[in-house]
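Would you mind keeping the following structure in view while I ask a few things?
Chain IDs A, B, C and D follow the sequence of writing; residue 1 opens each chain.
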Amino acid sequence: MPMPEWLHVRRAKDEERNTAQWSKCPECGEMLYRRDLAANLWVCSRCNHHFRMGAYDRISGIVDGDFAEIGADVQVGDPLSWTDRKSYPAKLAGDREKSGLSEGVVCGFGQIGGFEAGLGVMDFHFRGGTMGTVVGERIALLLEEGRSRAVPCIIFTASGGARMEEGMFALMQLAKATAAVTRFVNDGNLLITVLTDPTTGGVSASFAFQADVIVAEPGAMIGFAGRRVIEQTIRQKLPDRFQTAEFLLEKGHIDMVVERRRIKEMLVHLLGYAAKGAARRLHGVRA
Amino acid sequence: MNPFADRERALFELERRIAELRTASADQPVVIASEIATLEAKYQEVLHDVYGSPTPWQKVHIARHPNRPTALEYIAAFDRFDELHGDRAYRDDQAVVGGLGLLRGRAVMAIGQQRGRDTKENLRRNFGMVAPEGYRKVQRLAHLATRFGVPMVTFVDTKGADPGIGSEERAQSEAIAQCLVAFTDATVPIVAVIIGEGGSGGALALAIADRVIMLENSTYSVASPEGCAAILWADATKAEEAASHLKLTAQDLLRFGIVDEIVPEPLGGANRDPATVVARVLDRVDAALSDLDRYASPTLLSARYEKYRRIGSSKRDSSPAGKR
Amino acid sequence: MPMPEWLHVRRAKDEERNTAQWSKCPECGEMLYRRDLAANLWVCSRCNHHFRMGAYDRISGIVDGDFAEIGADVQVGDPLSWTDRKSYPAKLAGDREKSGLSEGVVCGFGQIGGFEAGLGVMDFHFRGGTMGTVVGERIALLLEEGRSRAVPCIIFTASGGARMEEGMFALMQLAKATAAVTRFVNDGNLLITVLTDPTTGGVSASFAFQADVIVAEPGAMIGFAGRRVIEQTIRQKLPDRFQTAEFLLEKGHIDMVVERRRIKEMLVHLLGYAAKGAARRLHGVRA
Amino acid sequence: MNPFADRERALFELERRIAELRTASADQPVVIASEIATLEAKYQEVLHDVYGSPTPWQKVHIARHPNRPTALEYIAAFDRFDELHGDRAYRDDQAVVGGLGLLRGRAVMAIGQQRGRDTKENLRRNFGMVAPEGYRKVQRLAHLATRFGVPMVTFVDTKGADPGIGSEERAQSEAIAQCLVAFTDATVPIVAVIIGEGGSGGALALAIADRVIMLENSTYSVASPEGCAAILWADATKAEEAASHLKLTAQDLLRFGIVDEIVPEPLGGANRDPATVVARVLDRVDAALSDLDRYASPTLLSARYEKYRRIGSSKRDSSPAGKR
């Protein structure tokens, strides 16, 4: 399937927004020209800090060529008719405008190193990557479609947790995503997650940690409870390393920490192993 | 803190006076009997007044009431219970209790979050906040239920999963995530009962079920009202406001199709008559299990999938590239 | 099947050996009349210390009536033609004489609380309950027969580990027992183990910890490495509680600690739950 | 300690003199060349003398040689290797390494016990003695091999499982027992290579396999010679005697049918020419995998069952109640 027209438009729009702007590295303080930063996959050329990355930028760096998005038409709902300082629909409209995204995750199919795969990419710029019904629905659609195509799926996570404004409907998306993951993996399909900064709360406690292989980006903060909550509970400051990808690697929670510029290569390796094992994996017989 | 405090004072005053009169009635039975009757009528009136239609924030407090029956009170009403311990690796987390038992003659695996009923027990049970090894015990028991071929009954009652350093170090996210898988995959019927607070993912880890029963005054929410207020407005004191926004009551969740059934409580909450509530809940669990017993395991699993697949499924937009 | 003649003989012989002897409780020092001790299931009436118990005594306290032994005819081998201070066959002959047992485990079938079950009981009095080819073979036969009858099996463990004099043949019994356990449980059959004092080494690291439900007797020492080895490694004394059943319960390794006089009752409960779940367990359908 | 020490001295002396002569040969090439040839002939003679037919106890020392290739040297000779870490719960135990890789173009899951190659690495890797979380990593990787559908190749090299307090506290027995189950149940081909010491249950946990390959001078035993001597005679210094009793050599175990194949080593051990030994082992692993590739998973599982079911199966006695 060809890259949809709107994706070209989307990326051109990003380009425009990012031009002639400078960003300060939060790690080393270096002022970085955003066009250079984008060319370097949003990694600081001085200290290797991995900036949070837009979903479409990520996708274009991962897929070989075309990306056929699915679930983009899943409608934003307001199940609780939530209003606090602003109405929830107004908040969403603001985020759509600001981020250029229709919701917190972009899902679809493409080739990665020649291997067909499903790809879901969360984006922290939309409501902090929180999971509501649209995110849950799109993840489920991705995995259902991946299951019917019998191809591996890869999900890049970035999330502040469940979305408050959708209340229990948001919490139920953990169950929905889990249901989809379970059916997908029970058929012998492989799920790989790449945890990016930050991956916490309900996303962390569902599909992020239900994958066959769990990769993380350097320095990403990953955990169930947020630092603030833990610090309030224990009434002291946490060390900087706590809940980083490197900390989790040492504690045995994740398979590997991979620098952003090497992530596509690693995914291609993993998809390659999966392709070689497909006969025995999917049919229980000789390769 | 307690939103009933002011109005409860009148109630307690009436209770005290009725008790006094009863003691005194040995001397002047007739006169006093009439006085007692008057006061009791008044008492019922005030009772309705105080507890009759609790706000969400009031329900949060009923759900947290120290005398509200806990998981072990329900389990104690089983015909028999043999507790099983441990995650087979690290520790027996006492914030969650589980084991095989007989309920109305049926073999079941019962699992419940257990808060303490006094300070000492609260420390031992970490206020019902489960650590990763507790969730791994739950996974093991869910697997064991399938191994034995007996249905699962869970009692959900937690502010949330334990948010301590150790729990993060031992992969709380993974432990909860795999609990969700274990319940999704279990080939036996599952009935979950929200008996107190159902706080976030830490509660959901025991609540993926074929039937979800909720007590009238229990709460079940994506975050505690305090947590929600802190997250959205950086102000935990706005919890009361958050409580009404979150739609965390049994009535809301029944309407949303997120819970299947509500078990009524006495006026003022289950703490006012625990034995009746416990029996009522076990009756409803029994009825749900009788119903679920009719289905073969593949049917159960399909129905469970469809149920969670549907919740909050948004309609599709017809515009070409979605709303952007 | 009726209780074999030789079992009656065996028990009469035990009776005789135990008559008119006194035993000192290693825990509280009380002198106990052995006949009383036997009547009390070999539990000290003063301090509740659980003595190591003979396999046939155990069996008679667990089964309702008859016990049909299997594998008693498995021949004792000497695969390495081992001789040190004594030849291995001579050591075995001594143990047979001393213990009245043909080898370190007795296996068979009987009814327990009205439920048919397989039952294997190890006995520390035969070569310290070490596992060689005969123990491995009998455990495998028990589980294979249990599988073909589709009944639960219960194994009481008591073992110092693998038997040195059978070298790698002894180690391979861990693999053999595991193979038998795996086939047995993969068919939906239930395995319950009761860990008695001591359960260590290869038995601990195989079927003892491969069961669905793991029960232990109070005070039983249970672990992989022996205390002596650990103390040599860390160069300090271990606390008394280390590796006791109670310690393991706290550490989450076992399901329950049950006093000997309540073990049969507990097994009957567990077999009862299993019986009620049999339809869904064995056929995946409604009960 | 080292049973070669005395006789190796003559060998090292010859090595030194040959090296000296080679340096000097720039000046007097012809005379010295002949002298070198003589010494080299002598060297080969002494070499055979010293290492030609090692005793079991000498093999124990070859197997433990610090320069003997370790698991990572074999893995480094793969076409590619992507290490996977952790037990998903507690810690990444570096006494065991594992991951997906390409071996002669074939995707495999490689898992090996890894001792250190110097003191610092030995501390980090706990001398190749695996803790419960390491065995749980192994279980996870075995499961993952099945998930990917790729065969497993294991490299066994350990004195035994870690015997520390922490390992007992975190259920070492359970971790090993479940490793045995994971390998017994894995639906993919498994090839195990005993590359150094195969010590007890801690080694077997990685060695239930469809083909077991053993290096000529590796050892594989129910207990270390020291441990065996301590257990039987309460005297660890009798290790040499135990070594010969235990029948722990590759030749013994091939004869018993416990290992399937022996890979020859250079005289004196793999440490004298690691590259050749590594290539030879990978060739044999490749050949074994090619053979196993032909079988469907149910066939593999049946054959694996029968293999372990048969080892050490005693004949039945025909007397009515066995030998008593």
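Everything that follows uses one rule, which is that a residue touches a chain if its C-beta (ideal position, glycine included) is under 8 Å from a C-beta of that chain, and two chains touch if they have at least 3 such contacts.
Bear in mind the structure is a predicted one, so any value in this text is a computation, not a measurement.
Taking B-C and A-B together, the pair of chains sharing more C-beta contacts is A-B. With every chain reduced to the mean of its CA atoms, the largest distance from chain A is reached by C.
Once the centre of each chain is set as its mean CA position, chain A and chain D turn out to be 42 Å apart.
The mean-CA centres of chain C and chain D are about 33 angstrom from one another, to the nearest whole unit. Counting partners per residue, chain B has 88-90, 170-171, 174 as the residues that reach two or more other chains. Contact of a single residue of chain A with at least two other chains is seen at positions 209, 251-253. In the complex of the two chains, the chain C residues touching chain B come out as 185, 188, 190, 209, 212-213, 249-256, 266, 269-270, 272-274, 276-282, 284-287. Interface of chain D with chain A (complex): residues 80, 82-93, 100, 102, 106-107, 133, 137, 144, 146-150, 187-188, 293-298. Partner chain C is touched in their complex by these residues of chain D: 161, 163-165, 167-174, 176-178, 180-181, 184-185, 200-201, 204-205, 208, 220-223, 227-228, 230-233, 241, 245-248, 253, 256, 258, 304-305, 308-309, 311-324. The residues of chain C lying in touch with chain D in their complex are 4, 6, 10, 71-77, 79-80, 82, 84-85, 96, 100-103, 132-134, 136-137, 140, 162-164, 166-176, 178-183, 186, 201-202, 204-210, 222-225, 228-230, 233-234, 238, 242-243, 248, 251-253.
Residue ranges on chain B touching chain D, taken from their complex, read 88-90, 132, 136, 170-171, 174-175.
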